[in-house]
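Each of the next two complexes has chain A plus one more chain, namely chain B in the first and chain C in the second.
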Partner chain A sequence: MKFAYYPGCSLERNAAAYDHSVREVSDLLGIKLQEIDDWNCCGATEYFSQNELAACAVIARNLALVEPQTDQIVAPCAACYLNLAKTDKLMVDHPEFGKEVNQCLAAGGLKYEPGRVTVRHMLDVIVDDVGETAVRDKVVRPLAGLRVAPYYGCQVVRPIDNNDNPEYPMKMDHLLSWLGAEVVDYPVKAHCCGGHLTQISEPQAFELIRRLLQNAQDYNTDMIICMCPMCQLNLDGYQSRVNGFFGTEFKLPIMYFTQMLGIAFGIDPQKLGFGKELVTAMPVLEAKLGGQLV
Partner chain B sequence: MADKIGIYVCHCGSNIAGTIDVEEVARWAGKNIEGVVVSRDYKFMCSSLGQQMIEDDIRKEGLTGVVVGACSPHLHEKTFRNACKRAGLNPFLCQMTNLREHVSWVNSDKAAGTKKAKALIFASAERVKRQKPLEPMEVEVNPATLVVGGGIAGLQATLELADAGYPVYLVEREPSIGGHMAQFDKTFPTLDCSACILTPKMSEVGQHENVTLLTYSELEEVSGSVGNFKVKIRKKARYIDYDKCTGCGICTEKCPRKVIDDVFEAGMGYRKAIYSPFPQAVPRIPVIDTENCTWFTRGKCQVCSKVCPTDAVDYDQKDETVELNVGNIIMATGWKLFDCKRVPQYGFGRLANVYTSMEFERLCNAAGPTSGKIVMRDGKTEPKSVAIVHCVGSRDVTSNPYCSGVCCMAALKFGHLVLEKTKAEVYSFYIDMRTPMKEYEEFYQRLLGEGMHFIRGKVAEVTDAARRPEEHGKLIVQAEDTLLGKQRRIPVDMVILMGGLEPQADAKELGIKCGLSCSMAGWYTERHPKLDPVATMTDGVFVAGVCQGPKDIPASVAQGAAAAARVAGMIAKGIVTIEPIVASIDEENCSGCRICNDLCPFNAIEYDEEKKVSRVITALCKGCGTCVAACPAGVITGAHFNNEQIFAEIDGILWDAREEATV
Partner chain C sequence: MAAHIAEKKGTFLEEVIEATPGGERLVHCLQCGSCGGSCPSGADMQYTPRTLIAMINANDRDAVLAANTMWACVSCYFCTSRCPQDIPITDIIYTLKRLSIAEKRYRDTDAPALAKTFTDFVDRYGRSFEFGLATGYHLLKRPISMMKMGPMGLQMFTRGRMALRPTKIRQIEQLQAIINKAKELSGSK
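Entry: the complex of A and B
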């Protein structure tokens, strides 16, 4: 299994734990990731509403940089994944627009044939390509007794054909159950975390975050497992501000699903980026899984 | 004799003339096609004046062939063939060219359309010159009819025919007739008891001297054609001797094995392993469910056999196949409820107090598992608030795009029953309220008056994720109220999902057996959506009830009666005309290889052991042409579709290519 790897900006900084754990877990599962040489930012969400052609050209540059012998690209970040997939689909569905994007790329001596590269999310690769048996085989430290809430966020579950129900996805639920965790049927699993709303209107953003944390707590969840750097940042980084704003006492670690895979596979938590989160995960992990994890 | 062909190009108002230069086509055909003596265009060729024009030409010019460029032959082939016949020309010397469905309706470029129309007219003219006069054949109609499906549509059809004095075989897959209507409590908008109006019809069918009831049976195979179908029915083993059983019910009472009833009780109640689905079942003969019976699964028990006073239990009974001869078939196979788990955001299967509409029917049915008491899953608590979610699996591009037609009214009925039986507040979340039939809108007005709350908006989700203290322990229904322009979150105790109507899982497979096709959604296709709603493209096979498309009880009954009337007409006439488009084998040159024997999908080829040749049974042949193509010696001819005619047609289509080639 060989994929072009697009880490995206978040994974270089605030979501470094995601990047580390993706690489560690991929190594163990035999997923070969070839990082795209000289990749650039996907433009996140804002650029699309400013200038669609420019936004697409910026993204398509990354697709054009995928080596000719590789036809699949994997992105762990939900926004990067959606942007790459959306751009490819726009170029396929609207050939005229595809030509315009390619005119932009030509300025940099590049060209992308729409549809050539299939855009995948890390979760889909592990669940669909690696599969249940291979994942279960690698588990040496089952997450038994750990109550986890799978949180998908809103971007990965857009109705792109990825074998899951966009309204009530189940893939991460299945994956975490293969690791032996107790998976909470988390009703808000596909609700929005607020995205960049924290920068515009804190009361609104905090309310969205509060709902997610409150619901997880109502279900006696030990930790929320996410798959998007934005979600992780909002739920983890703003947790203490939310507590201050509402007078709540949430203390929920927010971890990436690849970090949990790594723990179950027996990988050293340090290598998986544990400790980079603000609401620390180690105490609850050690309490529930018993003893030292290192 | 020299060919004298008449060409008639129809405008069909602007339907054809809008995208084809019909005058040019007629003028061109008159000048360029050999043997054409008249070529005309006319506003509506199918009108009596248009037909008269063709008849006059036949008489005056002595036409030997007629080409009508108009609509699909499905619509007017008979019309023009009859016109020719009246003027003394054999109807099989009339050929239709489909200029409407094949050209004008699927094209917007007038020049291109005109060119294609010319090619098609040319092809028909070349073909008609080589057509032979044929005489239609007549066969007798077997007065017996097969009705498939014992729901209300099938029951109505059965009774109409049986009362008219004709024999009917009624096949039903479940142990009892009655269909979905037997599961309902009340019927909208009159609120009369469903069982009270249905069961008299059921027992009438059960006792009718002209009806042979085949319950717990499946249609396996259909052969033959209109007037003379042969059908195979598999009677599934009931493990009860039909003749000995009196239906006393002691076996069911004493059976120690309780099973959740997923069919009749929609999973809300229990039945025994030996059971009749409901007290008024017809026939009252129980069946043994071998998947759950302790004798069949573990080799122990036999209580039913011990307590049976007439020694009717027979554990060794086997499935039995019966062959029947019938003249006509009425398909009334009904529907199944949309699987509400396919909309996971509404919580069915995850959240206990989310119900499907069918579960709720059983819940408020006086004969149901709670004796009609509306309580939650704990079996005792009455809900203080109930939300009814419309359009679950209907009007939704992710599942079914169509409107199921009956759910709005059923939702109003549910609302009324909740308000009548409990103190609960009732909220209906609808997209559009659809109440178009007789006294339906009045029923809606009545519910508005009774205090049911109506929120116009498609539900986003049903969740137990509370945001506010008052939402704790409740099911929260979230929707955008499109009249207020606001998001609403209504906390309730109980949610009813109005599941849509879907075709039966095996509708397509069953349809293929008797020559029925299905619409995109999977409903059986009628011959004409407006003017021939119960006949189908297969002569002698009719459809009635929901298997043709979503409809309510009155419409199902009307269709059942309509299908029966069509069949009764066929039986009363006694004979049916069959197109003489059949295959024939040149026995002189047949080698007797028998390749055609097995290929024939209609079993219409027999083998003459004495002469060592194959022979077509004309009455069974449907003229499909399979044997014609397969015969290695090339000695089978399909009447009206022989090689000469088909090659001439191809040649005609390519007239311009031929010209270009010569140039």
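Entry: the complex of A and C
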């Protein structure tokens, strides 16, 4: 299984834990990741708010840089995934627009044939391509007794069909159950965390974050498991600010699904980026899984 | 449908349709309210998506472009996935953002400034900062915001989750040539 790998800017810093755990887990599962050489930022939602052609041209540069022998690209960031997939789809569905994007690429000596590369999210690759048997085979430290709430967010499940239910997705539920965890079924698992709203309207953003934390806590979860760096930042990074704002006392660790895979596969937590989260996960992990993990 | 659009020649409705892939579905709105009812930001919006769609169909250009709806939208795609008429509502909102920014019609929102700051970084470095932490990069311009971040900002730094500037890609000139071409073709600066 060979994929071009698009980490995206978040995974360089803020979500380095996601990047490290993606690479560790992929290694173990036989997923070969070839990082796109000299990739550029996908522009998040911000380029699309200003100039659609520029947004797509910026994104398409990354598609154009995928080596000819590779026909699939995988992104762990939900926003990157959507941008890459959306740009490819726009170019396929609207050939005239596709031509304009290619005119832009040509200014940089590049070219992309619409539809050549299939864009995948990391979760889909592990659940759909690697699959249950191969994942279960690798589990040496089952997550038995740990209650986890999968959090999907928006950008992977709704805009582009990824073979899951857009309102009530199940893929991460399945994956976590293969690891032996107790998967919490809670109503808001695909609701929105507010994205960049923390930068624009704190009261509005904090309320969206509060609802998610509250609902997961009402269902007695030990931690929330996410699949997007922005979701992780909002729920983890802003958790203490949300507590301050509402007078709540949430203390929920927010981890990436790849970190949980890594723990179940027996990988050293340090290599998986544990410790980078602001609400620390180790105490509850060690309490529930019994003893030292290192 | 073509006839429908032809009738609307030169209207705001036509402008929005032209600028949005799949936008021609707009005219099929049933005003069922599924979009507004699904919107997590509905309560903060002057006009819910349902009302906004009605206003576009009524060619109420000025009111639409000055609305706060677009800036309260978080692109969660609930409206789009639930619309029984397959209207690409989230994408229509992106179109309205672009028009509103291009003509500076927006009011009382930092969203356009944030978008500009962000894409300026992309244009210059080819990489960006973490946009959920934009306040960190407004350090000089907006010291209050940084102070408001308080311990959170510090904790992010000590865990290596924040940098002072983005990394720069090697072929930045290539990216800039691509961006300039896009701006030239789309007639914006």
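In the analysis below, the second predicted complex is superposed on the first by the 293 of 294 C-alpha atoms of A that agree within 3 Å, B and C clash if a C-alpha of one lies under 4 Å from a C-alpha of the other, contacts with A are read in each partner's own complex, and residues count from 1 in each chain.
Operating definition for what follows: contacts are C-beta pairs under 8 Å (C-beta built on N, C-alpha and C of every residue); 3 or more make two chains touch, one makes a residue touch a chain.
Note that this is a predicted model, so its numbers are computed, not measured.
Q: Under the stated touch criterion, which partner chain does A:Ile254 make contact with: chain B (first), chain C (second), both, or neither?
A: neither
Q: Contact-wise, after the overlay, does A:Asn215 reach chain B, chain C, both or neither (first, second, both, neither)?
A: first
Q: Go through the superposed model and pick first if A:Ala44 touches only chain B, second if only chain C, both, or neither.
A: second
Q: So, A:Met227: does it touch chain B (first), chain C (second), both, or neither?
A: The answer is neither, since A:Met227 touches no partner chain.
Q: Would you check which partner chain A:Val184 touches, where first means chain B only, second means chain C only, and both and neither mean what they say?
A: neither
Q: Using the touch criterion from the header, give the chain among chain B and chain C with more contacted residues in chain A.
A: Partner with more touched residues of chain A: C.
Q: In the superposed arrangement, does A:Glu167 touch chain B (first), chain C (second), both or neither?
A: Both partners.
Q: Considering each complex separately, which residues of chain A are in contact with chain B in the first and with chain C in the second?
A: 167.
Q: If we count contacts the way the header does, which residues on chain C are in touch with chain A in the complex?
A: Interface residues on the chain C side: 19, 21, 40-41, 44, 71-72, 74-78, 80-81, 90, 94, 97-98, 101, 109-112, 114-116, 118-119, 121-122, 126-135, 149-152, 155-156, 159-163, 166-167, 169-171, 174-175, 177-183, 185-186, 188.
Q: Going by the contact rule at the top, pick out the chain A residues touching chain C in the complex.
A: 9-10, 12-16, 38-41, 43-54, 56-58, 61, 90, 93-94, 97, 100, 103-110, 154-155, 158-159, 166-167, 191-192, 194-201, 204, 208, 229-230, 233-234, 237-238, 240-241, 275-276, 278
Q: Looking at the complex, which residues from chain A come into contact with chain B?
A: 165, 167-168, 170, 185, 187-188, 211, 214-215, 218
Q: If you look only at chain B, which of its residues touch chain A in the complex?
A: 343-345, 347, 350, 461, 463-467
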